[in-house]
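One chain, chain A, appears in both complexes that follow, with chain B as partner in the first and chain C in the second.
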Partner chain A sequence: MLLDVRNLTVKLNNDTLDVNAIDKMSLSMRDGSIHGLVGETGSGKSLFAKALTGTLSEKWTVQADRMFWQGEDLLKLSEEKRRQIINRDMAMIFQEPSRSLDPTVTIGEQINEVIPKSEFQGSIWSRRQERLQIAKNLLIKVGIKHYQQCYESYPHELSEGLCQKVMIAMAIIRSPKLLIADEPTDAMESTTKIQIMRLLQKLNTQKNMSVLLITHDLESVINYAQEMTLLYSGQSVESGSVRDLLKRPYHPYTENLFTSIPKFNTDTRPKSRLQTLPGSTPPLQHLPIGCRLGPRCPRAQKECVVTPKSVKLKGHLFSCHHPINLD
Partner chain B sequence: MSVLLEVNDLSKTYNKRILPWKVKKVTALEKISFSIDAYQTLAIVGETGSGKSTLAKLLAGAEMPSTGEILLDGQALYTKAHKERCSHIRMIFQDPATSLNPSLSIGQILEEPLKLNTNLTAIEREDKVKKTLARVGLLSDYMWHYPHMLSSGQKQRVALARALILDPKIIVADKPFAAMDPSTRSQMVNLLLELQQTFGIAYIFVSHNLNIVKHISDQIFVMQDGKVVEQGKTLDILKSPRHTLTQKLLYSQQMLRKS
Partner chain C sequence: MFVYLLRRINLLFTTLIVISVMSFSLGHLFPGDPVINFSGKPSLTYSEYQDLSQTLALDKSYFEQYLAYLKRSFNGDFGVSFSSQKPILDEFLRVLPASIELSLYALLVTLVFGLPLGLLAGIKNNRLIDRIIFSVATILNSIPIFWVGLLFILIFTLNMNWLPMSGRLTLLYEVPSITGFLLVDIALSDLANKSYVYTDALRHLILPTATLAVLPATLVIGMMRSSVIHVMGMPYIKAAQTKGLTSWQLITRHVFRNALLPIIPQFGLLFNTLVTSTMITEVIFSWPGIGNWIIEAIYQRDFPAIQASLLIVASMMISINVLLEIAHMMVNPLMRKEFNATK
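And then the complex of A and B:
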């Protein structure tokens, strides 16, 4: 097991407000897999990534039963030690890559900046040459054909897809064990999107690099990920292998999410009504108690005011008092 | 059924000044003709820079066409006749968060087109705003809210309400679902389809999500570099795409397996 998080709670401390933005969420990742973390806006997907990498500000408190990274509990380590591990083993890419690159510096310089000293083998005099070589190799690795041109250009001269490739190149420089991709293809053309997803898939299979794919695009998760975890308002809904979930979802929310996409039930007539849940996701100030899906759930009953415990059944982990498709 | 909107030889070229005495012509949209009926939906798909947003802007009157004419109910529409035009053809934009004025309340936002285009009194206007909010499934209390108090799905509903408030015949939507979550997206799709069935509105969608396009549209245009490379009935085209771009788009969204 690469990553094993149990009952993670992230609390926002404020003078007036004290809310659990993430409420007892669990996630476990196998070594070398692509794991999709799916949820709607404000369900705490990005917050989870931040809590994992320890980049949350003072306002937030993180608690968990355990947060094991390759058998070591990250929360029990000293800050220094933890940072070292994260620095060595994890890397992250973000949405809107053109914004996360420095607009005043060329791509080449930005890549040079992230090359760690341990990568150099020759003497200090050959550093310059070596740097250039490493940067070019990286650019070739992520599939940029005109690497020389790319090396010399500024971020605004490149397309969004190329920028994301550069970001990936910078992330894989130390060959991390886990790449956290936070909505890597959001607001991209479908043809560019598939390039980025292919690249991530290639890195996953060739370098055995695990990918945590954080997205709200269910379609790409179904096509590329092996396992997925669904989040709703900071509570984990269901997790398991993508194929099983598609075939037999236990949680009403999961089923609804799958049927709300026109493609998956191909027998829907064009212009017919799509199935949806009524209402919208609750804002942080007005979270319902117990199961947070409660007010929108078609199967909600009296027990749903108590937060459901997660149950493991046939490889799925789900938390619901009244699951569907049980027999 | 009579033809609601007819477009003949519509095109757009931009003049780009390279040197003070030299002007270079850039064609954003080549000549295009089509027609659309009430209760119908036309979808426009294509890659960035293919001129699909230009077409949407020309239809909505945000840009002057270089050649060609737009006929609504058999009568020519002039770009300058804003008043007449904007009450018949309305537009919804991609990102509701930036298309609504943050310093006005929802009520004021919705009242603006009524003030500019109709002679209704203040009480009638308020009544109309409430009715329109109810039509898109929002409570009339939202009149007093400001855009930042709403979720993105609700904001897009407000944007739709603003388009609906003048009882238009055609709504042009420029990637309305791009920034939406799956569940709110389906709600929005349902709402749009419902409105179409009750009021007979014709939609023109610019989108790149072919799943949604397949579900909601009757006709489809595939555009590349300002040209329509493939057009026809949605189901036919998505079933047997001829042009390589259509195939590429379908393939990139896993609706087609490479053989």
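And then the complex of A and C:
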């Protein structure tokens, strides 16, 4: 197991507010897989990534029964040691890649500063040449044809897709074991989207790099990921292999989410409504107790005011008092 | 880029022309005869008056007078001073180095203290150290400079007796004026005990420099602090944190640069306050610079001197501002982006 997080709680401490933005969420990842983390906006997906990499500000406190990274509990390590492990093994790419690159530094310099010292073989005098060579190889590897031009450009001179490729190039230089992709194709054209996703897939298969794909784009998860975890309002809903989940979801939310994807091969009547749950996701100040889906859930009953325990059944992990499709 | 340069230079020239028109009209608006005001010679015989009137073109139309005035200004001929009867340009060049020297040191102190303190306050936003730096800066910023100067004199000279009160040098030492910059002159001179002279000159420099640096330094702290706070919240800083840079690398490579670039044009404002403060500081510390000279000229109703100094000082300020803006355009890639996008 590469990553094993149990009952992670991320709490927002404020003068007026004290809420669990992520409430007892669990996630485990196999080595070398693409794992989709899916949820609506504000369900705590990005928060999870930040809690994992330790980049949350002081307003947040992170607690967990365990947060195992290759058998080592990250939360029990000292700040410094943890930073070291994270810097060595994990890399992250973000949504809005052009805003994640320093606007006043050329792409070349930004790539240069993340090249680890161990990459250099020659003497200190040939460093310049070597740097250039490494950077160019990287840019070619992520599929940038005009690498020379790209190397000399400032971020604002490149398109979003190119910027994301540069971000990926910078992420893979340390050959991390895990690449956290936080909505990597958000607000991109569909062709660029496919390019980026294919690139991630290629890195996954060729370099055995695991990818945690954080997104609200269900289709890309279905197409590229092997496993997925669903989040709703900071609680984990269901997780398991994508194929199983598609075939037989146990949680009502999962089923509802999949039916909400518009399908073009079935005969949907023109102007008919897509399937949705009534209501909207609760804001942080007004989270319901117990199962947070409760007020919107078609199967909610009295017990749902108590937070459900996660149950493992046929490879799925789900948290619901009244699961569906159990036969 | 070429269009941009053209626009800036156009702005520079337009402003310079407006200033020269104002300066020219002063010669007519000041009380007394224009011929006397322009030439600076108070007692003239009738034939001398006629001659001067012709050489200064004052018997022609206003427009021709203005052209003649411009021509004289370009040749460096601003007439003579009422009080000393020496050419104003010579007087001006005699006092200019002292002022430049003082402002330069103050600017240096401002940058050396202002930028790091602002950076520190911005990074440690809302911690104790930030509150201390920011509140001290706000307090110093709101104290008038003449009062700060007097306070310094009171504390460090009269009470403690640590530092000299006024002037550039003790009267004991006589340093020949070659460049006008005291520290350079001492190096060029053949005095026997140079180290003593240097210590003396530096001791004289401390109080005026500190007084002069107070206001710009607090301004820089404020600007830098808010700029750093803004930059620290940007996504690329968060992204850089996950790239495995140490916080020192992060700050020197990404935060400092990004915070400094957008405030470069505001340094122009800094120069403006610096020049005004220089004048006040020079009067307080009897520093023989431009400010002292101009205020002396105003006291003595030395109209040609006032007119010339208005023209020269204002032109210098505007040129510095425009140059700063062009420099900002050159070093900040984001400015180029904005410009290319809106061209």
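In this section, the second predicted complex is superposed on the first by the 323 of 327 C-alpha atoms of A that agree within 3 Å, B and C clash if a C-alpha of one lies under 4 Å from a C-alpha of the other, contacts with A are read in each partner's own complex, and residues count from 1 in each chain.
Here is the rule we use: a residue touches a chain if its C-beta (ideal position, glycine included) is under 8 Å from a C-beta of that chain, and two chains touch if they have at least 3 such contacts.
What you see is a predicted model, and the numbers here were worked out from it, not measured in a lab.
In the overlay built on the shared chain, the residue A:Met92 is in contact with chain C alone; chain B does not reach it. Of the two partner chains placed around the shared chain by superposition, neither chain B nor chain C is touched by A:Ser33. In the superposed pair of complexes, A:Leu257 makes contact with chain B only, with no contact to chain C. Once the two complexes are laid over each other on the shared chain, residue contacts for A:Leu218 go to chain B alone; chain C is not touched.
Judged by the touch definition given at the top, the superposed model places A:Thr307 against neither chain B nor chain C. When the two complexes are overlaid on their common chain A, residue A:Thr61 makes contact with neither chain B nor chain C.
Of the two partner chains placed by superposition, A:Ser241 touches none, neither chain B nor chain C. Shared-chain residue A:Ser175: touches no atom of chain B or chain C.
For chain A in complex with chain C, the touching residues are 53, 55, 86-88, 90-92, 94, 96, 99-105, 113-114, 154, 156-157, 167, 170, 174. Residues 234-236, 238-245, 249, 253-254, 257-258, 261, 332-334, 337 of chain C are the ones touching chain A in the complex. Against chain A, in their complex, chain B makes its touches with residues 47-48, 151-154, 178-179, 181-187, 189-190, 193, 208-212, 214-217, 234-235, 248-249, 252-255. Interface residues of chain A facing chain B in the complex, by the touch rule stated above, are 40-41, 187, 189-191, 193-194, 216, 218-219, 223, 256-257, 260-263, 268, 270-271, 273-277, 280-281, 283.
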